[in-house]
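So the structure is just underneath, and the comments pick up after that.
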Amino acid sequence: MAASLELRQVRKSFGKTAIINGVDLAIERGERHAVIGPNGAGKSTLFNLISGRFPLSTGNILLNGQDITGLAPQEINRRGLSRSFQITNIFPKLSVFENLRCAVLWSQGYRYSFWHRVGGLKDVRARADELVERIGLKRRRDTLAGVLSYAEQRALEIGVTIAGGAEVILLDEPTAGMSNTETEDAVALIRAVSEGKTLVMVEHDMSVVFGLADRISVLVYGQVIATGTPAEIRGNKAVQEAYLGVEADTAEGAH
Amino acid sequence: MADPVVEAVARAVRNAPASGAEPGLMHWRRAMVWAAVAAVLIAAPQVFNQGFAVSMLSQMGIAIIFALSYNMLLGQTGMLSFGHAVYFGLGAFFAAHALNAIGAGSLHWPVSLLPLVGAAAGLAFGLVFGYVTTKHSGTPFAMISLGIAEMVAACSLMFPSFFGGEGGISTDRVVGDKVMGVDFGPGVQVYYLIAAWCFVCMILMFALTQTPLGRMANAVRDNPERVKFVGYNPTRIRFLMLALAGMFAGIAGALEVINFELITAERLGTAASGTVLLMAFIGGVGHFYGPIIGAILITFLQSALSNYTQAWLLYFGLFFLVMILFAPGGIASLVTLHKPAVQTRLLGRLALPYAGAAVAGAVLLAGLIMAVEMFYHYETKREQVGAVMSLFGQQFDTTATGPWLMAVALLVVGGVLLRLAARPIGAAWTEIAAAVNRGQGN
Amino acid sequence: MEFFLVTLLNSLSYGLLLFMLSSGLTLIFSMMGVLNFAHASFYMLGAYFAYQTSVYLGFWPALVVAPALVAVLGALTERYGLRTVHKYGHVAELLFTFGLAYIIEELVHLIWGRAPVPYRIPEILDFSAFSVFSTKYPAYRVFMMLVSVGMLGGLFLLLTRTRIGLIIQASLTHPDTVEALGHNVPRVFMGVFAGGAALAGLAGVIGGNAFVTEPGMAVSVGTIVFVVVVFGGMGSLAGAFVASLIIGAVQTFSVAFDVSLLTLFAKLGFTPDPQSAWMELWKVTIAQAAPVLPYVLMVAMLIVRPKGLMGTREG
Amino acid sequence: MPKPSNAISSLGRLAVMAALAIAVPASAQTIKVAYLEGLSGPFANVGEVGLRHLQFFADRINEKGGVLGQKLEVVPFDTKTSPQEAQLVFKQLVDQGIRYMMQGNGSAVALALSEAMGKHNARNPDKTVLYMNYGAVDPALTNDKCNFYHFRFDADVDMKMQAMTNFMATQKSMKKVYLINQDYSFGQSVAKAARAMLNAKRPDIQIVGDDLHPLGKVKDFAPYVAKIQAAGADAVVTGNWGNDVALLIKAAKDAGLKVDFYIYYAGGLGTPPVIGEAGVGHLKQVTVFHSNIGGSRTVEMVEAYRKRFPDSRDDFYWTSIMVAVDMLTRSMEQAKSTDPTKVALAMEKMKSDSLSGETYMRDDNHQLVQPIFVSTFSKANGKDVKFDVERTGFGFKTDARIESKDTVLPTTCKFQRPKG
């Protein structure tokens, strides 16, 4: 049986600079997989390649065994892969409910319809309301997304990502910039929403990573230097060296 | 506007009752609003019944459709177009030729359904040009729309057999037999035809905002990048919205043909596109009803103000700049702004400060009008009717220093007063914001 | 041959004038993200100020005074207009300049009237510099080219040899980074806006008397300048330069081609029905369509390459 | 709306406006003549000049006691030079009970007005309106689209082309003619008429070029001049006006192009100061009037106009307005009525004692017949070029005078006469 998400010799260069340098990765169905690595390792770029935001230089990406290389982001999304963003990326002038409703519409089959009244679509409404509740923003249901607190916006970001019911979920630093309690809430949320799905996440907070992930890949200079269970990674010498060696380097890489 | 105001509005929005909480009540309210709109449309020509007034009402109806269709782009999908009059104009030209064909007997089609011809033409060109232009958003879209508008405008002069050259295409709307005593000869009958179409189009365009496409258009406006990651193609959404907007613009164009029995190439030029942009913007692109206000106001000012002063273009431009500088959300946003004051029952608290500002504003405005009118009089009218002009029932000699000093004094005093008047307004708003906060605390 | 040479010179002088306008617009757009609709209005004001100055002081002082006055107006526009609307976003900024252009035109009507003003070429430059076979080439056009090239050189030195120039240059390609480095102080904005306006003003001084100084001159040149900037690629000075020359050449050379689709059909041995409604379209020659060609080029360019010829970013 | 100077006479009025009650009660003592032109926007100067002319002649009538004991009152309306706006303005003047209107700037507006007036008059025979057109020159207005209540006091495009080509036919040295025109209905019809008439009158003349360029979009005419140069033309015929003619002449001068330009609107307002020296000697225009046609009354009229409007820098130009006011007042006196239908019936048989010679109204299409002049742009010298135009130091010198009878063209007009 094919892996849920598979990367084969994926490469990406911007000009002469190679950011992703031949990544091979296979993620099984139902797995929670974390990608870690120092700044500038190419984690966000990897997500952008998988989700179709950037075109690959060479290589292939397979979703449930089907080649999705070169497809437009929306095509990939419709095939069941959804992603979140490191920098909150929601619809600021729409309410929380509307944000989620927008994210639900395609999956319920309404496409570009201009003959349905959204207010009357019970299935959409029920699904969006369920999501509102799930991400814990019921009190904020009709608040404009732009005026939510940061943590609330992050929750909404996750809500928008999972709304379409995608099988494969990519979360890009879901807890970045959060306080401890906020992080705990976020982790609980992620754990709940990724139940029964394939989850790939980029995360800096090691406690989150080691708490959540079934397997971890370490990306350094555009290459996966190790993949394994948290215990394996923790004990991996090469990872420790590489990781700690560049930890101090704060240079901002291409995300 | 002071920060407390923004804050207060934000809080009020957060506090607002859930929009879908009581759908029954919502529907009833909405139905009431539409009934009121219909009543106004029906009653208007009974109140303003002169030939010119009825004609202006007809124009307003056309402008409303046109401005609302424009706002499908700017307000709802975030596309700044400088060429929307292209669809209006092309719809109108096709309608004009169709009307002539009806008159010649080669086409059998009721005049009252002529707007469907305009709609078809507008839609067709919307599909063609939209396919080209909507691949881009932001500034490139704006520039391509301008380029296409320029091209179409240039072509319209090159091909006189279709566009009628300088004189345009003139037609006769009174064709065929009377249907139930209606032949669209009298202006009032034309008005009611336009009003009916206007009503239908308003409802349709409002309904569109409530459909999946309409909601996703808002999402594209806010964040086209994210839309791709929820399964939608923003280009497709822009394309569909532009085509539909073109269709409604075509309806407006066809109605214009019926109203004036004439269509000239200037109606699809960039100036016409600029006007509809003004209407939508001044009315307020952030609200569905904003462009309606803008269409009515601008149509009225264009016709009425020019009767009273030569300087109307200047006033017009100044009005536009003042709106952008101080109320970029348009008139509709000014209305919305006062919602928290109404909810906290503190609107009365604003009355006195506003009255003060109104007085200051009136002084400033008087100074401005005086300076501008004297300037215009001095430059263009002095030789014909002498240096003395009358203004506000007073006589002013435009060659003497006194009146000029007076105008400057009014301007200065008005400006200072307005500054002073701003303070109590700020204080009142702070109070309202505080009340809103208290309300939220409960 | 004669026609070709003369037309080449004409296209060069026209292209250089376009560049004087488009360079300022590009600079402003690159720094501030504002597509300045009033840019051509500054060009017009430059011509009118030069006319007024030349009435009292003569042409040469006008060459300095008029751009300086326009620069002051530009600075005021930025300080009291654009800065206020900046927080409302780019659409509001764009519309602000749109409204400003409208008001400037109306004020020009009021102050100088609606008819053209007799702003003439100074007598000292009113002779023919040389002849290309039987066609004379006027000295003033040579002067225009010299001023344009001089300005081009000055701009190049400013951008590459001074600190402020480096900041401006950096913001052409990496506006965000420059902002992050704390350079985007409002004063730089104001300076660039004033500088861009001054360039347009200078173009007005030398273009106003070569062509006609009248209230419609802003509108007639405004859209073409937009075309140049968009075609060349927004934010690219080199692109604006190349685009200016291309558009200048296209507009001047296309006049020579009396070729229409009808000619093409004839070559292919196909004769359309002369009664056909499409006849008007078949008959349009390239020469006839010359002034529309820049728009066609722009639309085509944006379809093929939305960034423009040498642009680095979209929108 | 009495006078724009009374504008905004009170904010209270604006409140009335809000009720859309535009009509001002008509005072019984005056005969109102509506003047419909673009009085704001880019063409306002042209509208203002006509208004000064109309005011000037109305004042002269009023000084003599008016017509039938009533004074003429000029009521300006702003059409914004737009056909649609003009139709609205027409509704306004009908609402105000005004029965006479004058317009002349732009055939598009004229056609729209004529049509609107035709429909109104047919539907309201007791409230007819009469239209005096002093300058819209589309031949259709007195041919296919003629209207009984429309009277034209200027010569139309075809009449002027007839005069121009008559003159050109006499120029033996002319061998190659180049046509350059604005690409819209007027320019296209000029090109067509020039080609046809020249072919008929001088088949030996070769048309070496026929260019159409978009209206008001060309910044630099140098490439066109280079093309004219390359074609070896010795005369250029153009219907261009405004900047399109000024820029053409300037570019020709810069390139040292030595050809004669045959032009419709060289004396057009604001153009001479721009052309200046560049046009002297080879700029020829065809008009129904220019300041130097001679005669003591012409001199007196030009001087009186300059005295009345010393600062406007424009000149007495529109004899058509003079003839229109003259015919209007005398028709009223003859009909002993101010009813437009009766006045129109008198007007269509009118002769006028104008400045240029035999002048009369054709009753079959309501086109004024008058002599047409071909004149050359020259340095004013106080003698045969007594007056300059717009204080430029340059004026027009008559080359030829085409008598009234030679300007008459057949008409396709068939209008319905009301029962007098």
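Per-chain residue numbering starts at 1, and chain names A, B, C and D are given in the order in which the chains are listed.
One rule holds in what follows: contacts are C-beta pairs under 8 Å (C-beta built on N, C-alpha and C of every residue); 3 or more make two chains touch, one makes a residue touch a chain.
What you see is a predicted model; the values in this text were computed from it and never measured.
Under the contact definition stated at the top, the chains bordering both subunit A and subunit C are B. With centres computed as the average of Cα coordinates, no chain lies farther from subunit A than D. Taking each chain's centre as the average of its CA atoms, subunit A and subunit B sit 43 Å apart. Chain centres here are Cα means. That of subunit B falls 31 Å from that of subunit C. Remark: subunit C and subunit D have CA centroids separated by 35 Å (rounded to whole angstrom). Here the CA centre of subunit A is 73 Å from the CA centre of subunit D. Across the assembly, subunit D contributes 44, 183, 212, 214, 217 as residues in contact with two or more other chains. In subunit A, no residue touches at least two other chains. Listed for subunit C are residues 113, 288, 291-292, each touching two or more other chains. Every pair of chains meeting the contact definition is listed here: A-B, B-C, B-D, C-D. The part of subunit B that touches subunit C in the complex is made up of residues 74, 80, 132, 135-140, 142-144, 146-148, 150-151, 154-155, 158-162, 270, 274, 277, 281, 311, 313-314, 316-318, 320-321, 324-325, 328, 375-376, 379. Looking at the complex, you find that subunit B touches subunit D at residues 48, 50-53, 55-56, 59, 154, 157-158, 160, 164-168, 170, 185, 187, 256, 260-262, 264, 266-267, 303-304, 306-313, 369, 373, 377, 380-385, 389-393.
Taken together, the subunit D residues at the contact with subunit B in this complex read 1, 3-11, 13-14, 17, 19-23, 39-41, 44, 48, 51-52, 55, 77-78, 80, 82-85, 87-88, 91-92, 94-95, 106-108, 111-112, 115, 119, 123, 138, 140, 183-186, 188, 212, 214-215, 217, 308-312.
Within the complex formed with subunit A, the residues of subunit B that make contact are 10, 13-14, 16-20, 23, 207-208, 210-216, 218-219, 221-223, 225-233, 236-237, 240, 244. Residues of subunit C that touch subunit B in their complex: 35, 81, 84-85, 88, 90-92, 94-96, 98-100, 102-103, 106-107, 110-111, 113, 223, 226-227, 230, 234, 277, 280-281, 284, 288-289, 291-292, 295-296, 298-299, 302-303, 306, 314-315.
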